[in-house]
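By written order: A, B, C and D. Residues from 1 in each chain.
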């Protein structure tokens, strides 16, 4: 857990970063009940933006953490889930293709809706030194909001780019964003308005250095 | 931790109960910023209903647990907080008078909004054998909802009587109730419609026996 | 999470069982510092007994859970770790060959010495309905004992078969066993003296039914 | 939670300190079974040293935290427990007189042996900014050791002054001290050899500044 001293982190996932990108339940076959198709339609445009954001954060050496449902398959690991979603005829396949993890990415399997409940996420974030979390994924009003709630209790600063989340209903999506902004003090600006150029400055314990521009 | 075999539990708080009544942040001086007065106005009618509900649950041997903010006073205990709120000229005094704890009641001081975060609440509920929680208190959209979220993750069944919670804004109160009903699967019927006569039947591990009538 | 009603569970890992077998840090390359070789020498005979015990428990439908260090490799999954340890020239290879997981086995990666700290183990055991834990693995005085301590706090009943654990020093191994017996109330009889024939009787919430014969 | 800037902290308990003194199960009536008297005999000399150490740490502005069993009395608060132990004829009375808490002290009621399990201790220590813990109290091989184990998992640095703990048996006391030194990396020097004069230097996140002299 030594700090990566390289001045050029482009393309590398460091072991230490004040910011982390969370991708919540993006590895998903969208094969659930009558609503899977509707959610997929809303999720696909957000996934395109998440992929673009992930490329930008990777260039800044910001680690990406997949925080994903295990679908109740306690014996599966993350790579199994990815492979399952990439099989032909899975509805979620094009989305998972867009957001396929690389070897540099981290992953946490969550048994419930919140990424913090009964997982190692909090300890992983402390290992990384991350205190600012960019939350993306699906659905905004359930797994994203419940993960954001637990993160807020633990004093993480939250950015939930409004174009990188989606829900089954646009109305619920809006309600969730407003709730996270009002109660959980999240920054909900669109991903394109997040400045990432000075991220190295964020390696600082002082509260004044804790905000992304 | 032996089960109380007495056929007549009226007036006693047993060590075992399938249901527990939670009173969230009701011990409150309402002396915070410009909004304390507005919240107090909305909270007072709910407090009257909570007091009536608490009398009914006590008659059925259902334990009451005060889950209360410590106001950042890490050295205080619960009785100090009650005494503080009962001092003359405190805005919250009439409300706290209504909901004053008895020696039979339990209490849990919470350092953050959720009653489960960094407290012994979950273990106390397991000690009691409680799996159905009646959540009451303030404010519905913050401490009640975040406590409900954590309870749902832990598989508790939730009843949030809509007349026993309040928020600074009626609109946010309604949104919180709908969210708890839709996402956290809470029963939000008014307190007067909760039947408590067959609570002894709820001492049952079977899912089919897990619901209040 | 429905109970497996099949009268013949032989060879299957059910989703529900009152007993679980834990294999602690057995997936290990034993390539650490000057002591790896010494620990390997002591661990190998225990591994042979663990393998025999695992065969017996599998026949009774008792699930096996690998609770394993992630070696600080936060991006690895369990199958990577197994593959790593099975590479040629790894000191631990013969031991890992003996204890290679099957597709029916569960696994939990632990970032610290205790299997409960910052992992999903407790929730997995609750999902399985397991309240009796058979702890095996290495080393008895560190990861086994610290996992046993956390299990005892959570009211699990512990069996630590004295022939299925090992430590760098026989003296510390004995001290750890005596500590777990005296303070953590563990049954430390040898694996060959554990009767597993009536395990189905253990599907019982009553304290009197909580003990293996 | 602002840092106390006063150069003279003597006699005050600050809200921020890199070091905290823990007093484990010292509020105790020693009225349990046949062994209470024996443990009391061994605990009394340690209590005298704890009292002296507490006076020194208080002069340096190091906060004292009572981490105490609730004796299964879930409705009691800490002051009740103190009052109970100070009643006439309680065996523990002289010891509790020596270690009576002041209004500046913190307290955490623990339902199980470890001070961290299902309590707010970890969050309180983070609120204080404490990363070095001086553990004192009874008994060394049970509640002190299990609290130390959980503290070590959470990366606290441990000092367990060997003259400030006691157990029912001197042999188990020695075993516990050696275990905490060997496995939990605790400093077990006697309390008189702990230098506290430069504690203000410890307000530093750097590992090199993390050790008491």
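FYI, contacts are C-beta pairs under 8 Å (C-beta built on N, C-alpha and C of every residue); 3 or more make two chains touch, one makes a residue touch a chain.
Quantities reported herein were computed from a predicted structural model and do not represent experimental measurements.
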Shared interface partners, meaning chains that touch chain B and chain D: none
Chain copies touching (chain C, chain D) - same or different residues, decided at half shared: same
Centroid distance [mean C-alpha coordinates] between chain D and chain A, Å: 40
Euclidean distance of C-alpha centroids - chain A vs chain C, Å: 33
Residues of chain D engaged with two or more neighbouring chains: 112
Touching chain combinations (by label order): A-B, A-C, B-D, C-D
Chain B-touching residues of chain A, taken from the complex the two chains share: 112-114, 117, 141-142, 146, 149-150, 153-154, 175, 179, 183
Chain D residues within the chain B interface of the complex: 1, 72, 74-75, 77-79, 103-107, 109, 111-112, 118-120, 122-124, 127
